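Order of writing sets the chain letters: A, B, C, D and E. Residues in each chain are counted from 1.
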Amino acid sequence: MLSAAIFVPIVGALALLLAPALSERRTRLVALAISAVPLAIMVVAWVRFDGGDGFQLVESVPWIPTLGVGYKVGVDGVSLPLAAMSALLFVVSMAYPVDLRGRARQYFAAFLFLEGISLGVFLALDLFLFYVFFDLSLVGMYFLIAVWGHGDAQRSALKFFLYTLAGSLAMLLAILGLYLASEPRTFDMAELIAQQPLAGGGLRAALVFLGFVIGLGVKTPIVPFHTWLPPAHVDAPAPASTILAGVLLKMGTYGFVRILLSMMPDTFQRFALPVAIVGVVGIVYGALVALAQTNLKRLIAYSSVNHMGYVILGVAAAAAAMGDDPDAAALALSGATLEMVAHGLITGALFLVAGSVWSRAETYELGELGGLAGRAPAMTGVVVVAAFASLGLPGLAGFVAEFQVFAGTFSVYPVLAGLGLLGLVVTAAVFLRMVQRTFLGTLPERWASWPDLSRIEALALLPLIVLVVLIGVAPAWVLDVIDSASGPLVDR
Amino acid sequence: MSESLFVDVAFWLFGGGSVVAAWLVFRTDSMVRAAYWLLASFAGVGVVMVVLNARFLGLVLVLMMAGEMTIMAVFMVMFMMNPAGLNPMTMVHQHRQAKIAGVVAFAGLALVGVVAEFPDRPADPEGEATAELGRELLGDSMLIFETAGVTLLATMIGSIAIASKRGRFGDAEDGSAPPPLDPQGDHS
Amino acid sequence: MDGAGLDAGGMDMPLGSVAPEIVLIVGAVVVLVFALFAPRRFQAGAAALALVTLAVSGFASAVMLGGSQSLTFFDTYAADDTAVWAKLIVLAVTAVTVLLSVEWFAGDPRHGEYYTLLLLSALGAVVLAGAADLMGIILGLLLSSATGYVLAAYHRTDARSGEAAMKYYLLGALTNGALVYGAVLLFGLGATTTLLGLADALPGSDATALVTGTALVVLGLAFKLGAVPAHAWVPDVADGAPAPAAAFLTVAPKVGALIAIGRLAVTLPEADVGWRPLVAVLAAATMTLGNLAALHQDDVRRLLGWSAVSQAGYGLMAVVALGRSDLGISSLLYFLAAYALANLAAFGVVVELRGRTDLRSYAGLASARPLLAAVLVISFLSLVGIPPLAGFTAKVLLFGAVVDAGYTWLAVLAVVNTVVSLAYYLRVLAPSYFEPLAAPIPVLGRWARAATLTCGLGVIALGIGAGPFLDALGISRLLPG
Amino acid sequence: MTGWLLLIVPLVAAGLVLGAGRRRELLPAVAVSGASATLAVGIWAASTEATASWRWGERLVLGLDVEGLGAVMVVLVPAVALPVIAYAAATMSQDRALARLLALMLAFVGAMLVLVAAADLLTLLVAWELVSALSWALIAHDWRDPERPPLALHAFLTTRTGDLGLVAAAAVALAALGTADYDALGALTGWPAHAVAAGLVVAAAAKSAQLPFSPWLFSAMAGPTPVSALLHSATMVAAGAYVLARTVPELEGAAWMAGAVAALGLATALTGGVVASLQTDLKRALAASTSAQYGLILVAVGAGSTAAAGAHLVTHAIFKALLFLGAGVVLHAAGTLELGRLRLGRVLPFTAATFVVGAAALAGLPPLGAAWSKEEILAAAAHSGPWLAAGVVVASGLSALYTARLALLAFGPGSGSASGSSAGSGPGAVLSKGGPSVVERTALGVLAVATVALGALWLPGAGEVVEAGTAGLLQAGAAWELPASLAAVAAGVGLVVMADRRRRLVDLGLAPRIRVAVADWFGLATAARILIVDPVLTLSRALATFDDQVVDAGVRLAARVPPALSRALAWWGERSVDGIVQAVAGVTLAAGVASRRADERVVDRAVEGLARETGRAGRQSRRLQTGLAHHYYLIAAGGLVALVAIAILGTS
Amino acid sequence: MNLSALLVVSAALFGIGVYGALSQQTFVMIMMGLELMLNGAMLAAVAFWAMSAGGAPKGQLLTVIVMAVMAVEAALGFALVIGIYRIRKADMTEKLKRLRG
């Protein structure tokens, strides 16, 4: 069943490319129908998920037995929410109207392809398979940015591809290091978790760890590997930005949990402090740099750096507290995982609205906007909710996650947690200034006829906002799923 | 010992001569003369081979090179528009680098020759060298020999294919160009 | 195949173990005779004959898989699976080349002989891959080179073709001299030329001579492989030679050369000559130079040539790992197969586009010829090593092998190079996909297209279906190691 | 679960208000009934000591528990909010976003109710931040005015900074104890106890506008008057004091906390008194007085008398709401809040009367309830130490001073102010806008009556009721306290009368520069801007530049390495491929074989490439491929030497 | 006469060949250099055969192979030179520099 979530969109993409051309509207409908399949599957998986430890709904086929490579997919409490969130984001992004440059089929095919690939990353239970999807996501995103982007899109896309490929390859070397250390050699995640290769420490373990941190860190991105992110976001079409921020970044942080925390916890524990410091730097640095941005998308992009900092901090704290204080570790890990989901929803909504702004104004410059609240109350409402969620307002999704991260971190790294708190204030300034400059104040003449969100835009944003509120108010249904994995993960 | 002395003298005479002739190949100012100096150098080596009891090989070498050098001379006359190939020619480039390369090559290999310890296993001077070669060709190394034959065959086919001007269907060069980018051209 | 059935000449000359080679020779002669006597309008029939020859030879090879894994013909020739796989790869490459050539050479009156030379060139690569004797290596290389020069020069009225061939020849002749002298030195040390005998005799011999001889031989093989420092012919041939021949020449000889280097390497005593670091440095230099030079090419064929240089560097990584990692041999063979398919696919696109080579003239290719553009993407991404294409699995194996062999730095360098390589491959893809069509893009014909698409699909199939293939490779041995 | 009605009812009411937004005539009715329902729920919750919990996850559970001071607040908050909301519905009927305002106010009340009913720090934190956020929305109500949103942002950011303390406190408590219940806080020891205590003090200081966070209250004045009334009376500002009253007794692990709270409160009370005395804007003066009064409450908390603190919270909430609404009437009637231009006593007699009642309470004049609660604070302070008591006395003198000044300037007889009398736009002129409406009068009247009614606190036995209600203790007062504080009050009032005689009441005889500086919290806001905000913004801009130019430059640099490398190779290749051999041979050779033209061209191009600083020059890498076969020969020959060298090196 | 002397002579021939191959401009002269290199190799092969390989027949065969190499290279070299000369009128390396970069 999970395999269908991966392959239905990929096959759908191929079919879309090879089938005769339809009108743009019909193409969109067909693509939406296909993209909804994984979402439906994720809902079913959610229902069938029994909240126990370990991987569930596993499907496994040998692939390259000589190398210990298998096609194996399944879910646990960490991957299920991420996969479900991704499936939702894809449906929403594909529904979102954007200038298709007359290449509707290719656009939706690229999106569907990317959808299958992204779900593959989260569902893969084999490192080789994981890497396959991890890397392929770059290809899909490269084309999306370069063909349908604006501004200096080709250059940004190239930078994105080169930079993240470098990261991927660093991770590939690390994966190989891990693989070569396993006995018998295998890429199977469950088996690697059971084997705990490189548990003895030493230089090799450190190097492998470093490779993973760089590889996953570029994708996350952690400071200072983040500079591909702003140009990629700015020049990408809004739905692609949504996917980039909402789904692709999560692949990095997900890797931290899925690989580093599970397969080499000892080493992670040894290096938890530097990783946590990197996380805090990301929090503070990302927030401060975002504060100075005058470009809407760059601002959101840097706020992503900030939010990924929370995730990294949480994961590092979980690694540090593992064993000594499993409760705190589980708290931090649950927080980090939930932050991934929350950030996907929140930032997804923000980027989609940024796309709406672009389609109306062809600019992202905050200085050219202002006073739009009167013309576009719905748009304002969405942004305000998302902004508050992003700055961690209770009652919205971000808070539950961030608070847990901090609660977990305080038990191991109180000083770092304290420093990280500063990020909260700056983020608040970032987002409220953004709201203020875009929507409040006086309306410039040229936007006197600014249209509010269209029906499709509103419909696409609605599920995101609803979920942001729902998770903020009643997160138990998500947290229980996450906790089912995070608890056992840090308590072995 | 007189035989040994004879061997030494012959070696120094022909071996040294071979080197000198080789040097003169690039010192002479005519291509035809160069060709004959080259032949001389090969002949010197051929003699040394004979001295070393590889009579068959030495003979083959000399005969082969004599033929080849004749071709070379004819060739030059034909193609270089240089009847008799006797015009002065000093057509060299990167001369100094070439000298250095030559010296380094010589020094390196000579060093190997002098310093390196090769096994000391002289051949039986009474050995039937030619017969052994024959047995080797038809026995242990038959596959090698056959490969050499095929290689020569391929060389013949190839040389004719690119050098011969006349083909079965008229001018061999007609139509031997890459297809044009635009098929509306002369592509058949 | 134990030789009992077809034992013709002596006690150790089982002709059956060289049946594929014999088929190639016979086929070459048949094609030649056909070409000499068939009327002009039937000349294309030579292609069909060549294909039949390749098929028969391929069949004869395939039945040898999983055979005795032994040396034959008095230890001068290897009948191991590695050699068989090499044959299969070379034969497949040749078959694709034949298909690419049919329409390309349609106007050439010497169309027929071309296939003879192609078959003989394939034989050279095959012999090189199977040779277990220094003389066999020399002759295989010579056969492959001699036919290669001619193939490169086959456009006899095209100045570029002749120039490419001449440069190819000059460099080949020089390095051949080095190879021969190196072989002589090794013979001097070991008193034999069979690799098996050398493996026995060389340990403990004089290091000066051994090192010099090794370096000389490696230079000779580096030429065939297109590796630094004898790489200079590759871009010229890729650019100047007839495009189908270029496709062949940047692939088939490398198969033989890489395996020959491997055989030689495992023969040499590691304690007396540090061939492993030597090959590693060679690999590093080759991949780096190839990628750097390709970086700003505006000529797609030259770019492919330089990419072929860099790929040779990756291939050498497998040799570095031979004997130290059990991934060594399978990575070598898998890499060769993956590289061959991807490179042929890329050249196939060029052929099908009638040799179109100016980068700018690729603008809008994706809208005019979506399938060809897709093949271009697939082949390039495979050369980069993007999953799930064949090139990716190859790189995983190579990286794994060298890391396993303790050469992590080489893997890191290869990673850096891979990123650089992506940049120039994307330089070709970008105009194809992101720019509007400037002028109509005519194509060559259906055979070339079929071959190209097949290779493109093959890249995907080999990547996804790596399992069975690697299973089959798993038992390969590289004799006499 | 029924405890959540405290949140749900006001939220539903807010939703109804929004739903009724189209039919404006319904708005007041819906809003007032919503507020009434909320009050009813509050009373019900207080009387039943409602509890509730809400599970977020395995380790996160929110809890409500209405008890002690919380029970008082749960009634007080909606009780004060009801008249304020009614007032707002009436006075702002012209505002096109009235529905939003009323809905936000109701939601705000709901959040505040959760805040006071919270049973643990996490729940508190949730409500706490919701209150902050809603206050931002309320203050920025007039968002079209480009000056207001920044002020709202200032207020929000200041309180948000303080909020971090609470985040930290909650997180530390949860990390250390596995729970953040108030009841469990006593178990904290060591650094977590100190951290929690410090976090709570910071958070409370920010929320209650204590030093050094006080200036945000001025920014908060950017909101409509009813919003100020709501924020500064019983709700947002009260939260800080309330939380300290709840937690100081619990946190035994941090003994310094009580002293610190008292000191902080006293400092704010004194500073705020001075600041309030120097304001020229009615609302700002009231705002500063809020800080000062909460300073006094904190003194009580620090001195250990939750009861006194609770009592003053209640009395203050009511009279401060009254005063703000009075200010609202003034603004509505006069169009300004400039103290020098008011003196509206004759024109707005009813308002003036109610305002004076409130002012008397603020000044601490017996027999009003506020005076009683202030005396109890003094008693508690005296119990703690003489210096604290002395401070409280001075503070009460200050409060009398600024209150009297305010009352006089706002509603004093005649047109005492020079500007007010001379200008044509005197009080009489502006009155065209009319006096308070019925609803306004009702609201003012109700609050005034309540203020007066609280005089009942002076009755014997009231102390026990207060102690029972707030679950705290009162200290027995010493004999000197009442006279001392009365004397201070008298002194304050006397000063005002004197100043008024000399017509220096507006500026109190201070040079404008000094007065403005002091009135602006002794330049605290400016200092914060210079010391914190500006540096942060500068830093952020610097970092952004750094990020663009340095961090990314590293990447760009790395991206430039291959082209540069190939450029180097090109130079090497074109200019002297031959150099390989020379170098290897160790022979120094002048550059050279390639033709002069080629040479010039390469060098030139290389320079150009460098100048352009793009990777484009990397194109030259292929110049190693000179196209000349004899160069290839050299490369091969040189390469062979290198091969030998490497093999030799590798062999060892 | 001993092995070292033979090898030195062989090295000299090879070195001169290298020099010629690198320094000459005309293709034919370059080919002469290449032949000389092979000449040196041949001499070394015979020397080893006679002095250190105990007369192993493979030494002689190796010499034959070198001759074959020589013949093949000469034949192809001439063929290529003819071809080049016909289309480009070029007889030296400097005239072939269209393919570069």
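Note that in this section a contact is a pair of C-beta atoms (placed from the backbone, for glycine too) under 8 Å apart; a residue touches a chain by one contact, two chains touch by 3 or more.
A quick note: this is a predicted structure, and the numbers were derived from the prediction, not measured.
Path length between chain A and chain D in the touching-chain graph (shortest route): 1. Of all chains in the assembly, those touching chain B and also chain D are C, E.
The innermost chain, defined by the distance from its C-alpha mean to the mean of all protein C-alpha atoms, is A.
When chain pairs are compared by contacting C-beta pairs, B-E ranks highest. Of all the chains, the one whose CA centre sits at the greatest distance from that of chain D is B.
As a whole-number value, the distance joining the C-alpha centres of chain C and chain D reads 72 Å.
Chain C and chain E have Cα centroids lying 26 Å from one another.
Chain B and chain E have Cα centroids separated by 5 Å.
A straight line joining the Cα centres of chain A and chain C is 43 Å long.
Looking at chain C, residues 135, 139, 142, 146, 149-150, 153, 156-158, 165-167, 170, 174, 178, 181, 185, 188, 191, 212, 235-236, 293, 297, 302 sit in touch with two or more other chains. Multi-chain contact residues of chain B (touching two or more other chains) are listed as 93-94, 97, 101, 103-105, 108-109, 112, 118-119, 121, 140-141, 144, 148, 151, 155, 158-159, 162. Shared interface positions of chain A, defined as residues touching 2 or more other chains, are 162. The full set of touching chain pairs reads A-C, A-D, B-C, B-D, B-E, C-D, C-E, D-E.
Remark: chain B residues 93-94, 96-97, 100-101, 103-105, 108 touch chain D in the complex.
For chain A in complex with chain C, the residues that touch the partner chain are 62-67, 69, 128, 131-133, 135-136, 138-139, 142-143, 146-147, 154, 158, 161-162, 165-166, 169-170, 172-173, 176-177, 179-180, 207. Touching chain D in their complex are the following residues of chain E: 18, 21-22, 25, 93-94, 96-101. The residues of chain B lying in touch with chain E in their complex are 7-8, 11-12, 15-16, 18-19, 22-23, 25-26, 31, 34-35, 38, 41-42, 45, 48-49, 51-54, 56-57, 60-61, 64, 68, 71-72, 75-76, 79-80, 89, 91-95, 97-99, 101-110, 112-114, 118-124, 127, 129, 132-133, 135-137, 140-141, 144-145, 148, 151-152, 155-156, 158-160, 162-163, 165. By the touch criterion stated above, chain B contacts chain C in their complex at residues 108-109, 111-112, 115-119, 121, 139-144, 147-148, 150-151, 153-155, 157-159, 161-162, 167-170, 172-183, 187-188.
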